[in-house]
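Next come two complexes, and both contain chain A; in the first it sits with chain B, in the second with chain C.
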Partner chain A sequence: MAVSVTHPLVRYMARRAVFAAMLVVLVSSGAMLLARVAPGDFTSEMLTEGASRTTMARERERLGLDRSIASSYVEWARRTSRLDFGESFKFGRPVGALVAERAGNTAALALAALVVATVIGLPLGVVAGTRSGVVPSIIRAASIVGLSLPPLVLAILLSWAAARAGWWPGASTTNPGGILWWSLDRARLLVLPVCALAIPVAATLERLQARAIRDALDEPCLLAASARGIPIARLRWRHALRLSLTPVLSVYGLMAGSLLSGSFAVEVVMAWPGLGRLMYEALLARDVNLVAGCAAAGAVFVAAGTLASDIAAAWADPRVREGA
Partner chain B sequence: MRRTGLGVLVCLALAGLLAPWLAPNPPTVQYRDYVWSPPARPRILGPDGSPQGLFIYPPRLVDRIERRYEPDVTKPTSLAWFTRGRLLTSADPSVPWFPLGTDALGRDVAARLLLGARASIGVAFLATLGALLLGAVIGGVAGYVGGAVDEVLMRATEVVLVLPVLYVVLALRASLPLVLPPFTLFVILVVVLALVGWPTVARGVRGIVANEAAREYAVAARASGAGPWRILWRHLLPASFSFLGTQALLLVPAFIVAEATLSYVGLGFAPPVPSWGNMLQDAANARAISEFPWMLAPALAIAVVVFALNLAIERGDPLA
Partner chain C sequence: MTRSRVTSTVILIVGLASLFFYLRGRPTDNASPRPQATGPQELVATVRSEPRSFNRLVARDRTSNLVSLLLHGKLVRINLETQEVEPALAERWSSSADGRIWTLALRRGVAFSDGQPFTSADVLFSLEAAYDPKVASPLADSLMIDGQPLEVAAPDDHSVVITFPAPFGPGVRLLDNLVVLPRHKLRQALTAGTLREAWGLAANPADMAGLGPFVLREYRPGDRLVFARNPHYWRKDDTGRQLPYLDRLVLEIVPDQNAEMLRLEGGQADLTTGEVRPDDLAAIRKAAADGRLALHDLGVGLDPDFLWFNLTDAFGRSHPQKSWMQQREFRSAVSLAVDREAFANTVYLGGGIPVSGPVTTGNRAWHDPSIPLVPYDPARARALLAEVGLRDRDGNGVLDTPGGAPAGFALLTQKGNTLRERSAAFIQEDLRKVGLVVDVVTLEQPAVIERLTKGDYEAIYFGTQASDTDPAMNLDFWRSSGAFHAWNPGQSVPATPWERRIDELMQAQVRSQDPSERVRLFGDVQRLFAQEQPAIYFVAPRIAIATSRRVVGARPALIHPMVLWSADTLSVAPVPSP
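Coming up: the complex of A and B.
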């Protein structure tokens, strides 16, 4: 199949890609300006350490904080467009490397949580939405409980349980080396934070999937399919599931944002060195370059999430694909 | 279940309002002799098994280093109703009763939890009202006017919608002075939360209004000379009321959690004003968590409120 530029799907994806790019530019610019406009600046801290007026003025000049907001924004934008994100005032390291490291930690946490939540939530949702009886009621009750445990609360409760039971995972000292051991060690550290983040998401997905598949089963096309004698299990797990994916996938696009929010709470409670904590430290220190860098990374994360869900929606539903 | 859920929320809000009367002790007094004191269980049966009326065995410090307490069975202290302007408190002012124990400074956790409900639920409730109003106006205008206005407003809505709420709240709050008087802070938190909460509301309202505007009654209203604001306000927006109700039930718990997270990281309500978030901060270190589990009370309070509201949605949503 030849895909021409005028194909509706290509046009649709192009429109979504432009939106994603705009999002990144808008958010990082907004964050940079916000950090610059905020009262106080990076040198305010020095005042408490008894720095003289001239030292502070020199430091301001070095960091470019003496210039007008407009001119420093133009300079920042020019630099950033060449993918040079400048240096963090607070850490004295290039923002690009610093953010990439922390964003990687957050992405690992969020992706693992998303996978776990999907694997748990969607099948339970299909069961709860297509059957009646005790099992769906139990699933539903469990989901409502899961929904009531936001990552902040769950992270604290899990930390408590872990401290009580003595399975607080400290850093491993007996590391015999090797990539396999290293990744296993990492995975062990991930368990609790991922649980704290994944359980409410799994509950959300379950509720959503249950409702979507119930609606899908009412569609005339499924009535027709069952009239043709397609077995009920196949009807549920293939036909209805595929039809129900569209509303579920549209929520996946918004999931990136809530995963980042949840991840922030988990990072703070469980001392996970992620993007949210870095952004928090940068904001408090008025570290302009770093704030903008973190915001850009967050926006890229969110934009990637919406793009991925758009592509998946086009795959799952031919009506989106054909631009109808 | 909707009734049950909303009932729990109303009870908690009332508990917050009546906090000074319900709590057995003032929330800010530091009882130096009772640091990290465990909860004292109210008892009815005396040692010989006969009912004695409500009394407690006050905690007695047995290990100063480990802060270990034991119930002092030699000094049963009775609890008195409606004394010293409180619902139920210790009859002997020199032996205070802590139903949920005390924190690191010897303050009554129960009293702080009740007072904290004010900050937590109050902020969430007002911010929800703000978000609903903002969303209804933006969505209503977009849906009714349509065209380029609709396009611009909905793009903006989409941008705000995909942003991670906590990051935005954090950035907005952190760019203001760190130390603010409690009332200013209250207003700022309400405004900041409302500013991130409106997009889902606006989206839904836009759909409903655009749909209703094409119906005959809206056309009839226009034909009889009603202005656009009147049509929007009196005729179209009421169609979205049940949607707004469901959204409110979703926003309140989200805002309670957001406020708690902000206070937890030190950008929300600052001590001595208690909120569930800054109380959790006290519970945060590993030792406090494992040895003084009553400090987790605010986490449970948050879970209970969110649970109650989820129950309310479960029946309230016609699609569920």
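Coming up: the complex of A and C.
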């Protein structure tokens, strides 16, 4: 069945896609300009490394840092419009390749964290929202703890515990090669950062899901179903769960986008070579092209997450797309 | 507070406390260094950042330098432990009477890691590449004397003759800055003008060749570098066994220093490339006492941080009301007003030594012990401040300028560097006691450097990393024309008589071929510096470095890379029972 371009959902998606594109342009332009106007530049560090002022001036000229900000921005925008993000000052590599490489690492981390958080958070939310007694109290308390711990603190705490207890995976010095070895090695190194990222997300999902399923159980349709004698387990895990997923889905995309744009705290503390850490290093080094590239990639992920959650909400609830 | 919140708070406290006490008291097997009775020799070190390039000619950051030391050879090298020059690819050398012409005999039978023989043509090529304008190497400055390049000739395959543009006291020490690159691999790139791009981080390790103890086996961006032993490495130990001992060396990239220390303590890394911070020292000492780590006390550091005021003419002209800030008496007063002992105990937690100048006792060859330590004397400081017109005119405890404004200055320092931040706060507090108002402003390092290069500051508390102990190799600091003559850089003619005198003394010191004469001249420089105090030094850190107990043959040094400078003689061994 073909979907007409005048279909409300298609029009809605088109509007959101335009908004997402604007977000990416604005964020990357803003990041590029801020990195350029920030005091100091990439060559500043050369002074402490013993370079002469002539050498520094030559390097500044080579990198185009001697030009005006307006001229640099126009040049950058022209290049970026051709999807050429320039070369990283710090690493001497094309920004596009660097960002893609690190975004892949961040994506692996974020998706694994999302899966873990979902698998833990949603069922716990259902239990906490539908039962009373000691178990839901413990779940609620654990969620509040998970929500109270910022990722930075959690990453440091987990690192300390892992190092102290010897759980931290050491460097594998041999590389027999092959995708299987690579995947296993990655999975081994992923455990701790995934925990650091997944715990707060799982706690958020648990709280959202608990509230949503309580509301769902109060819906007239489920009260009626209950009155007709549908077993309580089936009512909770099938009908109420499905109904309660709508509000959870609406924030799920945002969470995914936020995680995919990189968590610099977790990536720096746990030495995970992702986008957040790359952005942090680029900012410290005043690597203008790389800052803009990382910001653009982060904005793409956030925009994609927002778009996905908007679409999910519009798909699940006609009032959203009609009213949008 | 609701009941559920009380419950969760209690569970949180009990849970964290249980975890803390459980882990605190748990001497796990894994927390001990990994014994390794047999199998390949592998060592894991951490670095804080990744290299900027595998091409040493275009990158001079700390990790690129380390990677270069592992991959490439030099004609001579500075033994960082003894601070003396020792033979490397050049097995001996001699000089002309005036110290300008140096003839170096190269080792025979040396080959690059790909098996190609090393000859004098590679030395000629390496210098040519370093000076090539298209390469625009930041190393070129360190291979020049008075801004002039060295001239090099090769009478045959196994000797080179290097002519200095002027007599140079340190002699072949300068050649420690020259990395010998394989002509057969890079000649084409140099000719094509693309050498700057060659051997970037995306390069295939198999395409690289060097004369160092290791070859790069694998680079995983942001993650680690894995090195394997170079089977063609030229060096042998005293028993004739070929070096390096290690089969593999892994540099893990761990940007956070806390995480780095955790890995070391947990046994996941054998060493870090930096020194132990004062804040970590207690935990590391305990780990060493428990037999989990080895702690090496290296003595007093070479490069203490320092405070300086803006002494540029431009600042004097634009701030005539602050002319007192450029007077020697004011600097002396600031120096006398700070309690160095308390500084060492408070800021460095006892891991520091009071100092008065830039050359510490850690620099064994050049420190002048006759220079006295500046005492803590707030009364004398107040008297000196009064001499420059700063008096408490309204009795509020704060000194006033002749114009009636509160006397003080803004002190810039580096944000995120906790030692510098704490130091600035300590200086602020001690100067408050003599009536000076100090506003501490913390900025990121590039911002501090920009303010310095633009002369847009009143005072800065900052520091640099020494790359050599010989003062002739740090002329940027000592000479008035130097880029890091911090208080008034890049002067076309010396601004003051004492700077002119230091310039003359340093010029004579650099030219002299007589080591004792050089020491005497530099002693004069240090005494003049101590009188004028254009930069005020308070405390030098005591440097300690920790390694796992399985590391054998470590010869830690005060200059980076502190342990891996002699990576070819490192090995690992089973850990003896504590």
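To be clear about the criterion, the second predicted complex is superposed on the first by the 290 of 324 C-alpha atoms of A that agree within 3 Å, B and C clash if a C-alpha of one lies under 4 Å from a C-alpha of the other, contacts with A are read in each partner's own complex, and residues count from 1 in each chain.
Note that a contact is a pair of C-beta atoms (placed from the backbone, for glycine too) under 8 Å apart; a residue touches a chain by one contact, two chains touch by 3 or more.
Predicted, not measured: the structure shown is a model, and the values here were computed from it.
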Specify the outcome, clash or fit, for chain B and chain C once both structures are aligned onto chain A. clash
Once the structures are superposed on A, label A:Pro39 by its partner contacts, choosing first (chain B), second (chain C), both or neither. both
Would you sort A:Ser71 into first (chain B), second (chain C), both or neither based on which partner it touches? neither
Given the touch rule stated above, what does A:Leu278 touch, chain B (first), chain C (second), both, or neither? second
Let me test your reading of the model: by the given contact rule, A:Ser183 touches which partner, first (chain B), second (chain C), both or neither? neither
Which partner does A:Arg102 reach: the first (chain B), the second (chain C), both, or neither? second
Looking at the overlay, does A:Val145 come into contact with chain B only (first), chain C only (second), both, or neither? both
A:Val268 in the overlay: touching chain B, chain C, both, or neither? Say first, second, both or neither. both
Taking the superposition on A as described, I'd like to know which of chain B and chain C A:Arg62 touches: first, second, both or neither. second
Stretches 131-139, 221-229, 239-247 or 437-445 of chain C: which one clashes with chain B? 437-445
Overlap the chain B and chain C contact sets on chain A and report the shared residues. 38-40, 140, 144-145, 148, 156, 159-160, 163-164, 168, 268-269, 280, 284
Touching chain B in the complex: which residues of chain A? 19, 22-23, 26-27, 31, 34-35, 37-40, 140, 144-145, 147-150, 152-153, 156-157, 159-160, 163-164, 168, 207, 211, 215, 253-254, 256-261, 264-265, 268-269, 276, 279-280, 283-284, 291, 295, 298-299, 302-303, 305-306
Note: in the complex, chain B contacts chain A through residues 155, 158-159, 161-167, 170-172, 174-178, 253, 257, 260-261, 264-265, 280, 283-284, 286, 289-290, 293, 296, 299, 302-304, 306-307, 310-311, 314, 319-320
Tell me, which parts of chain A touch chain C in their complex? 38-42, 44-53, 55-56, 58-59, 62, 90-93, 97-98, 101-102, 105, 137-138, 140-142, 144-145, 148, 156, 159-171, 173-175, 268-271, 273-274, 277-278, 280-281, 284, 286
Please give the residue numbers of chain C that touch chain A in the complex, ascending. 4-5, 7-8, 11-12, 15, 19, 23-24, 26, 28-31, 34, 42, 44, 49-50, 52-53, 58, 60-61, 136, 138, 140-142, 197, 200-202, 217-218, 220-224, 226, 248, 250, 252-256, 258-259, 262-263, 265-269, 443-453, 464-465, 467, 474, 476, 483-484, 489-490
